[in-house]
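There are structures below to look over.
The following pair of complexes shares a single chain, subunit A, combined with subunit B in the former and subunit C in the latter.
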Partner chain A sequence: MEEQLKIDFEKKLKDFSYSDQEKKFKETNFKEFLKQGFPNRKLENWKFSDLNQIIKSNIGELTFYNDYKKENQIDKIELISELEHNKIIIVDGKIEKIDFKFEDKDKIEVLVEQGEETIKENINSLINLNNAFSNKFCKIIIKKNYSLKKPLVIYHSTNKNTQSKNTNSRIDFKLEENACLRLIDIFKENSEKNFLNIYYNFQLDKSSILKNYKIDKSINNNVKYSYNNVKQETNSISETFILSSGSKFFKNEINCDLLGQHSSAFVNGIFDLDEENHHEIKSNINHLVENTKSYQLVKSVLEKKSKAVYQGKIFVNSEAQKTDGYQLSNAILLSENSEFNAKPELEIYADDVKCSHGSSSGSLDENSIFYLMSRGLNYQEAKKLLINGFLLDVIEKITDEEIKNLIKNLLGVKE
Partner chain B sequence: MLKINNLCAKIDSKSILQDFKLEINPGEVHAIMGPNGSGKSTLSNILSGKKGYDVTGEVLFENNDLFSLETEERAHKGIFLAFQYPLEIPGVNTNVFLKTSLNAIKKARGEKELDAIQFLKLVKEKAKELKFDKEKLGRQLNVGFSGGEKKKNEILQMSILNPKLSILDETDSGLDIDALKTVADGVNALRKKNNSFLIITHYQRLLEYIKPDFVHVLMNGKIIKSGGPELALELEKKGYENIN
Partner chain C sequence: MRDKQIEDLKDYKYGFSTDIESFKAPKGLNEDVIKFISNIKKEPKWLLDWRLKAFERLKVLKEPDWQKPKYPKIDYQDLYYYSAPKSFKDKPKSLDELDPKLLETYQKLGIPLNEQKRLNGIAVDAVFDSVSVATTFKETLTKQGIIFCSISEAVQKHPELVKKYLGTVIPLTDHFFATLNSAVFTDGSFVYIPPGVRCPMELSTYFRINASDTGQFERTLIIADKGSYVSYLEGCTAPMRDENQLHAANVELIALDDAEIKYSTVQNWYPGDKDGKGGIYNFVTKRGLCKGKNSKISWTQVETGSAITWKYPSCILKGDNSIGEFYSIAITNNHQKADTGTKMIHLGKNTKSKIISKGISAGFSDMTYRGLVDISPKATNSNNFTQCDSLLMGNKCGAHTVPYIKNKNSDSNIAHEATTSKISEEQLHYCQQRGLNPEEAVGLIVNGFCKEVLQQLPMEFAVEAQKLVGISLEGSVG
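For the complex of A and B:
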């Protein structure tokens, strides 16, 4: 792999004329990735999902070079028709289209830059990989007091003949004071056996609201990693909802730094897995000042040999008194071979806090099935009704009605 | 309508019903009384198709072999069990459940399914008759309902599904006197010449409001005595131990 990485990186550097600073940034990140490689189970964060092994067994050898000068076809990508939306289309890691047609033009600023590093901290080797190989950084600024009229949908896709390839994309968002963004990520790949690596930074200024819905429903054999890095100022709210279902492997990592008082973070998710799919949600909610709140609810429905992992961490530093942190996960295992791993972590250094966690897993309740069947429903209908009921309270956490209905339709949940 | 012959039932090789016999004709109301552990609930579970019992013998429902039918097929044919302990089903709206259930049965019978408006009209009417709080129909099925409300909900389901054979498994337990009357009124409203009932109870109290045609005493998995409504009164006086 090292050989291939070096060849592809050389090729990439030749594609554009990078400034010395940009070049240095990319090289530093590249070296760091070379040193660390893909994360494996020796790392605590990756102990339930050995990405190195997962890539080896599902993809084999990867290539890393993408020709960003090439125009990708975007007309083959199926757009969602249920709701009007602004859109960004990403194909093989390259942003092909940015369209804010429903919005006031002077309220949204889109900057496209060649690798200005905004985040200095070293997060993990996949972020290094992303920084080394991603194309231009795109930074989207939502101006003060502006709420987008329609949601922004980001389509993540791949070309038909893209295979065994790693694609990297990165977008930075800044929501100025009192701004509001509804962001939906939809995954619609046109090819298999790729590794998609997605990295978002969010700066939420005072009283801004971010709602991010990640919908992975189309069945595919790709391996994906998504990292949301959210910095929250006073009174800001972030709401993340993850519907994790279609991909072979998907790890969603959410990092929220609650930096301003009365800021709050919500991370809710559904694992709806079949076959041998293996998905993970890893959250780090960092309560860093007084009076902040976080809430996490993750529900899993696991068929066949599927496996779900939820590692939820609540960190409360010594200054963060009056923190309110909550997390809960419930799983229904529909087969003897399915697996649910929960690792709640609470690290608390303040003494006046309210934090709790809980996790349960089990099979469908046979008595409830019998009750429903005795009323004329067959086994499949009874099972479906119970599962929908089980998932309903997490769906109800979605605060946007339009998007809630979209997700209900995707899951076939009726009311 | 229902013919039970030589029914034996076991759980984990423990015998619960032995050589059980019963025949119910259309329009009849039968009461089965017996002490705890006599096999009453096992009987109702077996008739509605609960898994986990080893059974032998024969049960015919309108000449269909009941054991060859799945639980839901029995419901389609017109068997209804009012549960002793109705289950709470989180996340499932009571109205949605009732409509799904009614239409599943109608569909299986080749009848036209009800649309939302027709259904709501029906359910409103039935709820009113049973003094069932309409607001509860919009809530999750049995979640947060009191014991009495759960039992009333069973009777509401029964009156909406309009079954041929209704089995009431200790529907009277946990009901106060007013709720008991309402439940009895609901049952009596369904008494027609083709609808039959099998009422399972500990006490004779319910039978003051729903007059049975026959009363059977179940002890240790066997019917030890059968008679008319007067047998229930005799039981109340003498107790199960001294009935023979």
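For the complex of A and C:
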């Protein structure tokens, strides 16, 4: 793999005329990735999902070079018809289209950057990989006091003949004071056996609101990793909802730094897995100042040989008094071969806090099924009704009505 | 009155060291030292080979470093692996031959070895540095066929039992500290309860590290044969010393069909002084195997001492319908650190486990609950309930919870809950209104917080533990 990496990286450098600074940035990141490689189970964060192994068994040999000079076809991508939206289309890691047609032009600024910053913090080797191979990345700034009229949908797609490839994409967002953004990620790939690596940075200024909904519903054989890095100032709110379902493997990592007082973070998720899918959500909520709040709720329904992992961490440092942190994960195992692993973690250094977590996993309650069947439902109906109710708990947490309905339709959940 | 009591107890009251000439193996860890230990204990060849095999394995193993409390590197060559009071070279036949100074030490500790003076009938095996010094109530126990003696004695008298069970729960190839213990273990207790016998009294071991620069590596092996029951207590103390001392014990429990073992620990090793200097590193491996059907193993621990406590008493629930329980109170104050919890490994059908853990941290201390619940695909209809609560006193300390939950069986249920909070102002106010001073109020609330676990302890220990809880938190309020 190392040979392939080096060849592909050389090609990548030749494609564009990078400035010395950019070159240095890419090279440092590349070296770091070469040193560490894909994460494996020896790393605490990857204990339950050995990515190295998963790539080997699902993809085999990966290649890393993508030819970004030729135009990708984007008209074949199926768009959401239920609601009007702004869109960004990413194909094979390259941003093909940015369209804010419903918004005031002077309120949104789109900058194209080449990665000039040097790495300040080493997050993990996949971020290094992303920095080394990603194309130009976008920085989107939402101006002060502006809230988008329509949600922004980012479509992640691949070309038909892209196979056994690693694609990398990165977008940075900055929400200025009082700004508001509703962001939906939708995954629609046209090819199989690729490794998609997505990296988002969010800077939430005072009183801004971010709502991020990630929808992975269409069934595919790709391996995906997504990292959200959220920095929150005073009074800001971030809401993240993850519907994890269609991909072969998907790990969503959310890192939230609550840097300003009265900021709050919400992370909710649903695992709806079938076949041999293996999905993970890893959250890191860092309470760094007083009076911050976080809430996490993750529910799983696991069929066949699927496996779900939830690692949620609440960190409270010694200055963060009056923190309110809550975390709950429930799982229903529907097949004897399904598996649920959880690691709800608390790391607390302040005494005047209220932190708790709960986790449960088990089968469907036989008594409830009996109750429903005695009222005339057949077994399948009873089961469906119970699962609906179970998942509805999380869906009801979505604060945006339009998107809530969209997700309800997608899951076929009715009230 | 209470003030005076507290004043007496405020400093580590077991902090004296006894001036007894001791007989040590040369410093360092090598084959010769292992042969020396084996030789001095007149061990059979199979055991020496077993030790050497462990030592071979040890060379390959690396010291683990994933734990939360970090400690300076231990120089394993700079330790004495065997230390015994000199008068012990020829083991005394009865209590009358014991070194009077030793008896005095145990009197100070409140462990009367003199049977006649005992009223409440607990059989005691006392371990001083590396050797077991005395075992009481032997006759009463022998009548019932119960074997309760030091493990060295068991090697001589009951080699078939030792050979059959030693290392079956904690194999030679386990982690670093367990393997180190297998190579150099010196003494410890051995208990065998024959089929159908309900042990009539509490069995108890008292450990004490006296000599400086010594590591204590004891090994305890408890076997409860079919349908038997035993309750075993363990207590520990050590003198105050500036340097850190290592305590790496292995405890193996084996419960056969319908047997029950209840293992209680009150750990009060020297925790180091207020600035965190000195103290014991308590790196212990404790593991119980519910081998037979309907067997039950229950761990209860009150951890108040040690500079660093790092242990996970575990249950392997192999037999169908077997039950594992873990009740723990861990208290850290000043600069103490603890990383403790349990592992419940469900292998058999209809197995049940329950974990109740209460952590209290004060001062500059750091406490971690780390636990594993693993339900394997074959463990149909298994159940686990976990509750871990932490109480924080002050904002210089930390409390962490790191549970690992693995469910691979759809017919099994796991429930886990954890909370972290401080003592509420209302509760304190209420108590103080009724005439308690702040410290008494905190004591009362903390005891209430720990009650669920304290109730699990045998009577005599519960009283001691309750006092310990109060003392450990002295000076952490206000």
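Note that the second predicted complex is superposed on the first by the 413 of 415 C-alpha atoms of A that agree within 3 Å, B and C clash if a C-alpha of one lies under 4 Å from a C-alpha of the other, contacts with A are read in each partner's own complex, and residues count from 1 in each chain.
The rule is simple: contacts are C-beta pairs under 8 Å (C-beta built on N, C-alpha and C of every residue); 3 or more make two chains touch, one makes a residue touch a chain.
Since this is a predicted model, take the numbers as computed values, not measurements.
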Overlay on subunit A: subunit C relative to subunit B, clash or fit: fit
If we overlay the two complexes on their shared chain A, which of subunit B and subunit C does A:N58 touch? Say first, second, both or neither. neither
Of the two partner chains, subunit B (first) and subunit C (second), which one does A:N367 touch, if any: first, second, both, or neither? first
So in the superposed three-chain picture, is A:S359 touching just subunit B, just subunit C, both, or none of them (first/second/both/neither)? second
Which holds for A:N40: it touches subunit B only (first), subunit C only (second), both, or neither? neither
Of the partners subunit B and subunit C, which touch A:A350 in the superposed model: first, second, both, neither? second
Which one hits more subunit A residues, subunit B or subunit C? C
Regarding the shared-chain residue A:E339, is it in contact with subunit B (first), subunit C (second), both, or neither? second
Once the shared chain is lined up, is A:N405 touching subunit B (first), subunit C (second), both, or neither of them? neither
Subunit B versus subunit C as contact partner of A:Q261, first or second or both or neither: neither
Once both structures are superposed, the least CA distance from subunit B to subunit C in Å comes to 16
Subunit B and subunit C contact sites that coincide on subunit A, given as residue numbers: none
Using the touch rule from the top, collect the residues of subunit A that touch subunit C in their complex. 44, 318, 321, 331, 333-363
For subunit A, which residues are in contact with subunit B within the complex? 365-368, 370-379, 381-382, 385-386, 388-393, 414-415
Could you list, by residue number, the parts of subunit B that touch subunit A in their complex? 48-51, 70-72, 74-76, 80-81, 83, 86-87, 89-93, 96-97, 100-102, 104-105, 108, 140, 157, 161
Residue numbers of subunit C touching subunit A in their complex, please. 66, 377, 390, 392-422
